[in-house]
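Structures incoming, each one as structure tokens.
Look for chain A in each of the two complexes below; its partner is chain B in the first and chain C in the second.
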Partner chain A sequence: MTAAAEVGVEPLPDVPQQRARSSRRSTGLWFLVRKLFGAATSLLFMLVVNFFLFRVIPSDPVRTLARGRATTPKQVAALTKTLGLDQPLPVQFLTYLKNTATGQFGVSFQYRQSVGSLLIDRLWPTLALVGTSTILSILIGLWMGTLAAWYRGQMFDTISTTGTIVLYSMPEWWLGLILFFLFAVGFGPIPGVFPIGGLIDPGVNGSSVHGVLNMAWHLTLPVVTLTIAYLAEYALIMRSALLDEMGEDYLVTARAKGLRDVLVRRRHATRNALLPVVTLVALNLGFIVSGAITIETVFSIPGLGLLTTDALKIPDYPVLQGAFLVFSASVIVANLIAQLLYGWLDPRVRL
Partner chain B sequence: MTEPLLDIRDLHVTYRTLGGSVPAVRGVSLSIQPGESVGVAGESGCGKSTVASTILRLQPRTAKVEGEVHVLGKDVVRMRWGRLRVLRWAEASMIFQGALHSLNPVQRIGDQIAEPMRLHDATVGKVAAARRVGELLEQVGLSAARARSYPHQLSGGQKQRVMIAMALACNPSLVVADEPTTALDVMVQAQVLDVMTGLVRELGIGLLLISHDLSVLSSTCDRVAVMYAGRVVESANAGRIFDDPQHPYSAALAAAFPRVGDPKSRYSPAGLAGDPPDPQRLPTGCTFHPRCHWAIEDCSRIDPRLEPAGTDRTDRMVACIRAGETVGEAT
Partner chain C sequence: MTTRLAAPFPPSRRRRRLRVVAVALAALTALALPAAALGASTGPVKAPVPSRSAASPVTFTVGILNNVDSFNPFLGIEAESYEMWALMYDYMINYNMTDMSPRPGLAKSWDTSDNGLTWTFHIRTGVKWSDGKPLTAADIAYTYNRIMHGSTESSSWGSYLKSVQTVTAPNPTTVVLKLKKPNAVLPLLPMPIIPKHIWEHISEKQVKTYSNEPPNVVGSGPFRIVSGKASGSLYVFKANPNYWQGRPHIDQLIFRVYNAEDTLVQALKKGEVDFAEGISPLQVKALQGQPNIVAQNGDSPGFDEIAFNTGSVDLKTGKPKGDPNPAVLDPKFRFALNFAIDRQAIIQRVYQGGGKPATTIIPPAYKQYQWKGPQGAFAYDPKKAGRLLNAAGYKLNSSGQRTMPDGSPMQPLRLYARSESPTSLGTMNFFQGYLKDLGIPSKITSMESGKLTNTILTGDYDTFQWGWYVEPDPDSMLSYFTCGQRGNWSDSWWCNKTYDKLYTEQHDSTNQAQREAIVKRMQRMLYYAAPYLNTAYSSIGEAYRTDRFHCFVPQPNPGGILLFQYGVNNYVHIEPAGTPCQTWWGSTQTAGQGGSNGSGGGSNPVASGSTDSGSGSTVLIIVVVAAVIGVGGLLGGFALYRRGTADSRE
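Now for the complex of A and B:
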């Protein structure tokens, strides 16, 4: 008799199934709770930083608003009182917390309008711009990176990798300016085809079909700029992540099973390679939001970015606080989604 | 008349590298009859895994393959890709070296086992595949509920059992096991080997088992071929090759694994000095002669051919000019 027969089959291969299943479900739930708690903590931290951050800006909003007009010290004092800036800082902080809790974020210094409604008006052009270019850059970038890795060293890889490195090294506002001059203003023999700014032509009804198409036309160049600026990074990271996976033994197994090359790539390699990419995409959302600020300025899109740059000149504290909170909340939420997605993609993370 | 499951004829595999071409396999012939278990032994780098990889044509692109590899009568080397994909796993499957890395870390093992079934037979539905996965897992001594686990939730031995279950998924006629137990500890190693050889025998599957451990091969296989520097140097009945090796290299391999209760093997110097030769700078004559205790002057000039030798010459082939003489002295 061999040694194996004496030992018999491995003694403890399985936990009772009932217990195993319930504990699996609770680890999933616990994972979710932990991640939600982490996101909430970051948001609270941002809430505090948000208030003090903009008060560090050296210029005084009252003087900026009163500039160019003859104002008596009395009028200045009255304006300071209206804006609530005569109160001590802790009181201002409490007011800020109260205003944030109501969702209105107070009244804009510059527009004398509730910041909440101002943000909602300006939110959706930014959402359309950032959302579309994020999705496009992810789709195109990952597709390019996958093909470049799979056909490493061949024509497509050489062209795409060289191209993406060039694009990766360009700041997005600079790329935006180049595209702006080439295709909106016109350069030499090239006529300016695209609108030079704004979201919609004056007099066009934004809720009609014509209006929507008109807006899409206005958003084309900015979306192309942000897409090109960000797809490069995704393509490079996807390429290197997939190259890492391509040496793995389980791909040999998949090939030995008789899977076509395309299926080996799609079913086995890509999903593993996506893990580092997901994290990067979420982290990048912070940058793409800041990219939106400069791009909206270049193309005069009346979104949150342009609102922020205009507010910075005052500085219009309530607007800045509101916009900044929206930006940071979106980054935190994107990271939360990334972590949940990561847990779904990689079962090892769920532990 | 039965057709052999696997018939390798004069196989040469050369890797093209930046430093020149590396001949990894230099004229290996090997055959497996239905239901037969054949072992291939040898040190790392002797070309045994390269031989295994050519059976499903899994060798890297840089490898140049010459010769013939017939699986169920069809030459894999010259096969079209479409035909090859149909053959892979359905007719011949593989159990890989490191099960630890040979399973996809982000897929449930049940899905991984079911994948080739549904790929090779479109009529197999999800439910039928799941039922078959459960059966297979139970055959290798795991519970059917394990199908929902991910590889990281299993131990090394369990993963290797999953690999065995996966290899049997499509009822292949031939299973190639490339060092299936290398990464496992001795106890688990014995269990896994037992499960594998038991199933292979029960289902009448042909097995090509590759290992560096001659004692394992001699206890689990019908025939064993010993490889050195890309060639078969001795092939014989499995029991005989361990007890009565004719080639000095086989003798050294056999001596490397001491037998329990044999004081002679306990005190005799085990192992072999030196490393296998660099395939790009092979010694002249017999490639083994620089490490051989029995080498004579002629060994550095004459490249011995694999010829029938020894007392059981109908069943034994040895490539050594001193074959027959060295009997008794080698051990």
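Now for the complex of A and C:
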């Protein structure tokens, strides 16, 4: 990654400078249109795939739901009708499109509630958990990566790189269990100060200040787990991106101008090294909503990840369709943003 | 341990069904790390004894492993949902603690006409809904009529009113059921009674998505739900001070959903919950040494079985379909295998002692219906199994393999286990071993239960492992072996005209003794035809803190489960530790049982044996230390490696 945006690219010799300037606007617009079109196509594709994907699961939701009861074939037929599964597939597909258009995604087979409201109920614990830890790990990871590259081979580099890799290679839930037993259960002299699980204590109003603090307290351990599990990704990318930049001539120039080391790093090297990092960050932000199933399990947090895995066992088509559409949409949107950002940061991408 | 249920109040199935992640985690934890060790070493935290005062209400907190799916009694299917409805609503008929036989609920008494076609229930007066309106026979008739005539309503409860023609309430204290033909299953009527003045405003279309969640849920049960959403993880109930069976001894009841069993057990040890529902036998064992905690595997009326394809057919043409191994189609072959399996060993090794060796499809709790069989009917006797196989023509060849009666080699039996249940795979592993002892080749395949259900319907199987939950009347369980259930709930494709005739006879019987005799005869038929080899009577692991609450009465008594019973009597009758137990109808049903339940386990109705969990935790601590050293070594090694590469980079 060369520092095109930062130091300016010389116009290609055979393109007159005047023309390049006049077409810049339209190139940018064309780039935007192309990317938007690409995203819309992916989304449409997902919309269709989503419907058929879950119908491939070799379980019959009606039989799963009826299994708990002494049901006659007539009752089973009535249930099939209630769930709308007696309709031919094309009709079901149209119903699915209609329900998706309303944003409610139909009614859950299992909970018999609008999937839209179910998703929203489960969305915010997931956002609080995975969102917070993603942002924390980005901030800390990038900082560690920068320092590790700048002082490569030194103590900090060795410790941070090894440490993050070791933590990254541990399964999240395993790491979660260790922290759980150390700080929630308590081990030896360490008191188990954190709650065992859940999102909030009974009887606490979630919308009060006390409630928010209570929730933050409940989320501390899982957020810490995910943060340290994700650290390596950002730290290592940042480190290698920065190492690439560090051989560049413009840094020598900057130093020759008499800039302090810290400023050379901050103003020149880091900014250019951020290009690949932006892609990773944007993509990972898209994955936030899909949750962290194992951590939600260890710490009993009612998030989207668990809702989806539970729905798979019915299989609860409306919930699965709704959830996966939201997941894929957020990844597609994050991807789009990454591409647009990239185009803005590095104009060569737009061509 | 997923179990199909033949019944409402399904305590065992769902709770286990939705725990694949949890089970996998637990298994991995046990291998990888410290769960038990770290936990065991800390021991339970002393919890404050609850005391009743206006300022601090007595709160009983139950930890469960699965969330409720609907508070609307016409929609939910999870065991947790059934428990919530039972707390919120009343029933016309309740169940005894000893054997779940019917006892008066909202109906003080009932009588039947001589021909068995008219049932008259006498309803008690003075029962009030939580909004102050009286509960009368009209509410009961309304509920039952709604179930008979509504499509959603009937798809959940309709089978209990199958033979009922009309339900009327001629006056506020009488409900009359008119039947098309006699029905021995009555008075099994496990449907919660809903308030007419609320639900008549909810149309048949609206009820399909009616959530029935707080605020303002009107009920008549011992508790009223004050907060919680079905898909959520916290449900809060307040005691109903006007409950007709007396005010509950706790003021507040809270359910907290934990997503993993380990977490739930730790929450109990730490005192975040007072009761842990649905834990595994291994956890029960680990908890039994702990002070202030009683843990037990309670008998639950269900069983697990190894089932055979006894002849899958296309129901329209009557021609065979699927590809069963010809051997399993032979009743003599199946019956011989009955003596090849060591049920005691399976209970000890696969179920970790949680459960009892099973005999028939009727669990021991319903002893009046259970067929005992001749001496040694269910004994482990591989020699006898071999003799029976030889006699049926399945002889050993020179290389020690069984052959088909025509002398051709036997194809390996396909043993299907359910991937989400460790006991399913464990049972099949043992079964494979027993088959090998007899020279019968076999192959185990593990599959998801949804896929297995489809496979059973297509007939492409030889044997599989699964289980059923049996409700207090054996009728529906017996019905699954009738010819008419093939393609519906029959999973063995067994069909026998005599059995079908007996089924109808017992269903229509108006003489209890006669009915019991027929039910036993049917079990005898099933024994010799062997569509199922029953392996285990199920149990459910439960634990509670004796320093918080006591006076639990098991159901069935003795030996049964403490919560998620038929009825919610324990929520009403338990006492905070330190308050003496009171005598109530359930506590006096079995002499010397349930009356007192002091902490420490001396006179508990629940066994609280101590085990050598100490040595277990020592081993685990060593494992932890080894793990720490391993990780440390890894870190150190990596640091050296990093140093090397970093140096070479410069």
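Note that in this section the second predicted complex is superposed on the first by the 315 of 351 C-alpha atoms of A that agree within 3 Å, B and C clash if a C-alpha of one lies under 4 Å from a C-alpha of the other, contacts with A are read in each partner's own complex, and residues count from 1 in each chain.
Going forward, a contact is a pair of C-beta atoms (placed from the backbone, for glycine too) under 8 Å apart; a residue touches a chain by one contact, two chains touch by 3 or more.
Owing to the predicted nature of the structure, the values given are computational and were not obtained by experimental measurement.
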Would you check which partner chain A:T253 touches, where first means chain B only, second means chain C only, and both and neither mean what they say?
first
Under the stated touch criterion, which partner chain does A:N272 make contact with: chain B (first), chain C (second), both, or neither?
first
Given the touch rule stated above, what does A:P315 touch, chain B (first), chain C (second), both, or neither?
second
Once the shared chain is lined up, is A:P90 touching chain B (first), chain C (second), both, or neither of them?
neither
More residues of chain A are touched by which partner: chain B or chain C?
C
A:P347 in the overlay: touching chain B, chain C, both, or neither? Say first, second, both or neither.
first
Doubly contacted chain A residues - partners chain C and chain B:
none
Write out the stretch or stretches of chain C touching chain A in their complex.
4-8, 10, 13-14, 17-18, 20-22, 25, 28-29, 32-35, 38-39, 41-42, 59, 61, 67, 69-70, 72, 75, 77, 151-152, 154-156, 158-159, 162, 208-209, 211, 229-234, 236, 254, 256-260, 262-263, 266-267, 269-270, 272, 420, 448-451, 453-454, 471, 476, 479, 488-489, 631, 634-635, 638-639, 642-643, 646-647, 649-650
In the complex of these two chains, what residues of chain A are touching chain B?
2-5, 7, 9-10, 13-14, 17, 20, 248-250, 252-260, 267-268, 271-272, 345-348
Flag every residue of chain B that touches chain A in the complex, lowest number first.
56, 58, 85-90, 93-94, 96-98, 101-107, 115-116, 119-120, 141-143, 145-146, 150, 152, 157-158, 166, 187-188, 190-191, 193-194, 219
Which bits of chain A are touching chain C when the two form their complex?
57-60, 63-73, 75-76, 78-79, 81-82, 107, 110-114, 118, 121-122, 152-153, 157-159, 161-163, 165-166, 173-174, 177-178, 180-182, 184-188, 192, 195-200, 202-203, 293-294, 296-302, 306-307, 309-310, 313, 315
